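Look for chain A in each of the two complexes below; its partner is chain B in the first and chain C in the second.
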Partner chain A sequence: MRAIRSGFLQMLVFMRRDMMLSAACLAPVLAGLGIRFGIPFLEAVLTERFSRSAVLSPYYALIDIFFSMLSPAMFCFISAMVSLEEADEKTAAYLFVTPLGRKGYLAARFCLPAAAAFLVTAALLPVFGLSTRSLADILSLSAGGTLQGVIVALLIVAFSSNKLEGMAVAKLSSLLIFGAAVPFFLRQDAQYIMSPLPSFWIGKAVFEDTLVFMLPAFASSAVWIRFLLRRYLRKI
Partner chain B sequence: MIHVNHLSFSYTKQPFISDMTFSVSPGEIFGFLGPSGAGKSTLQKVLTGMLASYQGSAMVNGVECRERTKDFYEDIGVDFEFSALYEKLTARENLRFFASLYEKKPCPIDELLETVGLERDGDKRVSQYSKGMKARLNFVRALLHDPALLCLDEPTNGLDPANSRMMKDMILAQKAKGKTILLTTHNMQDAAELCDRVAFIVGGRICALDSPHNLIMSQGAATVTYTWLENGEHSAACPLHRLSADGQLKRLISENRLQSIHSSEPTLNDIFMDITGRTLI
Partner chain C sequence: MRLRSLILWDIRFQARYGFYFLYAVLTAIYVAVLSAVPEGGREKATAILIFSDPASMGLFFMGAIVLLEKSQRTPAALALSPVRAEEYIAAKVVSLSAISLAVAAVLAAAAGVGAGEHGIVKLHIVLPGTVMSSAVFTLLGIIIATRIGSLNQFVLWTVPVELVCFVPAILHLFRAAPAWLRYCPAAVCIDMVSGHAPSPTGVMTVMALTAVLFAAAKHCVLNMWAQMGGAKL
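Then we have the complex of A and B:
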């Protein structure tokens, strides 16, 4: 446990020294402020401009989903960038022959940041969320968002060999979160084309207002994480 | 300290390490010698627990390597061939972090830096270090937790003569403290100078295993080559152990006609080539 704690703290040191990573850490709060105060203001402007009772408000739940994925995406992006740098400098390989080991390294770089992301999301969602949600909803969304963040982090580390490639993969992999929008806009069976994406099931759970759909979200996340983790471990 | 019994390993269907058996005693410097791709680094990876899918047995400090736990690493110090340091951190920060991973009380960082002449550069970022400085820092990092076993992979590779000498002296100093050292190298001079015993590895197999002295002696003694003038310069050679039977040499000595005379022992490199039919490149 001592080694895992040290490994995690080392990542925080890295984060503090890198402006981009520090900024990524602040992004959820800044985005939360923008969503909480900007979106209702925009809604008021748009409804008045187009003389309609609602323009954006039917999609407040969708915006909440995206927000629930933001903190984990940012936290896990930071982990992925640090891991890529460690792979590049070969320090990751060295850490495997210390008491930290492979499992400890994965815990320090992915599990602990994911746990922190879960807690931060669960704390920020009631504050910055646009729709009223139960505690079970908040915890489920936070868990779903966290798993989505872990998938993004593993995609980055499994498919890129340096930070530059990592940035490109991060942009591409962030498209995965748009699976959540599909149930809101595509009502026919065709929407199930996106069913391999965990974000689709999270969107489905919120849109249908039933947490049962979180089960396939967790299951598909597990499949993605297993596949990506195996690829990552083969690589390092 | 180390007991390897019928060890085999493969990355693919083809065997990469085949049926290796050897032991390393406490306090010994044991060298793995062989050309690139011979299996030396793979063998070190097995012994440091990085590769677990091997056949046979590889016991280090009484622990089967594939069944290692995190405690396994409390008594092993590893020095990779390449620099594996946080370039953005200073030497002190690097050592402080790596020391924090061990349960053992770490050796004082300032003392360690002093032993490798880096005490004045301890607060410099590693990215500003030369290759030799990084190699020295890598080495002392492996000593942070005072391990009983040191695994060194090509420790002098790419170093200038001064840094190479410093590195070899540091290795010998660790041996004097009673540490067991596994040394992987393709530098025969280093091996002959440092190792108590060496194993020649080619194609994933141990071709020979003995002390450098015994290996050299086993393949024939030194020869004496001499030259003299007699209608131009001539030269002849004679095995050292048959010197008294060389009438021509005796005659030339008695007539004081020798132009030059020198003996030449075979090097470990010559022995390696004799035994394996390979060079070390």
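Then we have the complex of A and C:
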């Protein structure tokens, strides 16, 4: 446990040196302020300009989903980049033979940042969310967003062998979050083409206002994480 | 001749690290997304997509490109070779613009950007707009990338640049920006990307900005080379 704590603190030191730590703390709050005050203002401007009763407000729940994925995406992306640099410089292999070990390394680089992202999201969503939600909604959205962040981080480290490939995979994998928008825009059965994506089920749970749909979101996340973790561990 | 070789090597480098594959996949996804967008909003959606992705790929990827080159000690070799900083920068701008151009052409043609009564897509405006945007973003990427030590630092430094470039452009596209902002280079570029002919003043502004950024990028590249293996006495 001490080794995991040290491993996590070591990563925080790297992040502080790059000013990423302050950015990771500030960005969700700034984005939250932008959403909480900017989107309703924009809605007022757009409804007046286009003489419509609603332009953005039907999608407030979708904006909340994207906000719930923001902190996990940031925290996990930073962890993925640190891991990628460590894999690039071959320091990860050395860390595996220290008391930290493989499991400890994974806990320090992915589990602890994900846990921090979950807590931050659960704390910020009730403050900056645009639609009113119950405690169960907030906790499950935060958990879904966190799992999505972990999947993106694992995709980056599992499918790239250097920073450049990491950025390319990050670009492609960031598109996975848009699965959440599908139930809002595609009402026919064709929407189920996106069902392998956890974000699709998160979108479905919010759109249908039925928490049961979070179960396939968690189950598909588990499948993705298991597959990616195995590939990552085989690679390093 | 040297410039041609540098461009070809950059293209090979980008192909080896999957840029062409990545943008082939992204283009297919974007075309599918655009076909689902209602016709009324398709032109603006295409302009935003082209401006924020293929055109700005130089800004997104330059940190990783330069850091990878640094880790492979390429700048040290370049500093001692006859290659000039201008050629190094031009090769990056041209090779990345080529990808931007191809993706923008497919997206604009698929979405019918600027197609009027005759249904002719205004590629003669969209493509120069994409090249101009791509050059500006790539030069900004080089300026930032030569000064940073890690990818996280690069990502952090690109955020304010993206805000300054994207916010005025998107506000201008939706006619929600003050009139004077139409001379802002980002607004001129997105106007062209959306198939609207620019004013001569607008084009001059973008050209002037590109020249200033090119000079700044040259200064930054020379500094990087001096630190990485060239003489710094």
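Note that the second predicted complex is superposed on the first by the 229 of 236 C-alpha atoms of A that agree within 3 Å, B and C clash if a C-alpha of one lies under 4 Å from a C-alpha of the other, contacts with A are read in each partner's own complex, and residues count from 1 in each chain.
The working rule: contacts are C-beta pairs under 8 Å (C-beta built on N, C-alpha and C of every residue); 3 or more make two chains touch, one makes a residue touch a chain.
Predicted, not measured: the structure shown is a model, and the values here were computed from it.
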Touched partner set for A:K163, first chain B, second chain C, both or neither: second
Contacts of A:V82 with chain B and chain C, given as first, second, both or neither: second
Chain B versus chain C as contact partner of A:K171, first or second or both or neither: second
Touching partner for A:G7 - first (chain B), second (chain C), both, neither: first
Contacts of A:V97 with chain B and chain C, given as first, second, both or neither: first
Which superposed partner A:V127 touches (first chain B, second chain C, both, neither): neither
Residues of chain A at both interfaces, chain B in one complex, chain C in the other: 14
Residue ranges of chain A touching chain B (in the complex, touch as defined): 2-3, 6-7, 10, 13-14, 17, 89-91, 93-101, 104
Residues of chain A defined as touching chain C within the complex: 14-15, 18-20, 23, 45, 77-78, 81-82, 84-85, 88, 162-168, 171-172, 175, 185-186
Sites on chain C touched by chain A in the complex: 17-19, 22, 25-26, 29, 36, 60-61, 63-65, 67-68, 71, 149-153, 155-156, 159, 176
Of all residues in chain B, those that touch chain A in their complex: 48-50, 70-71, 73-74, 76, 78, 80, 82-89, 93, 97-98, 100-103
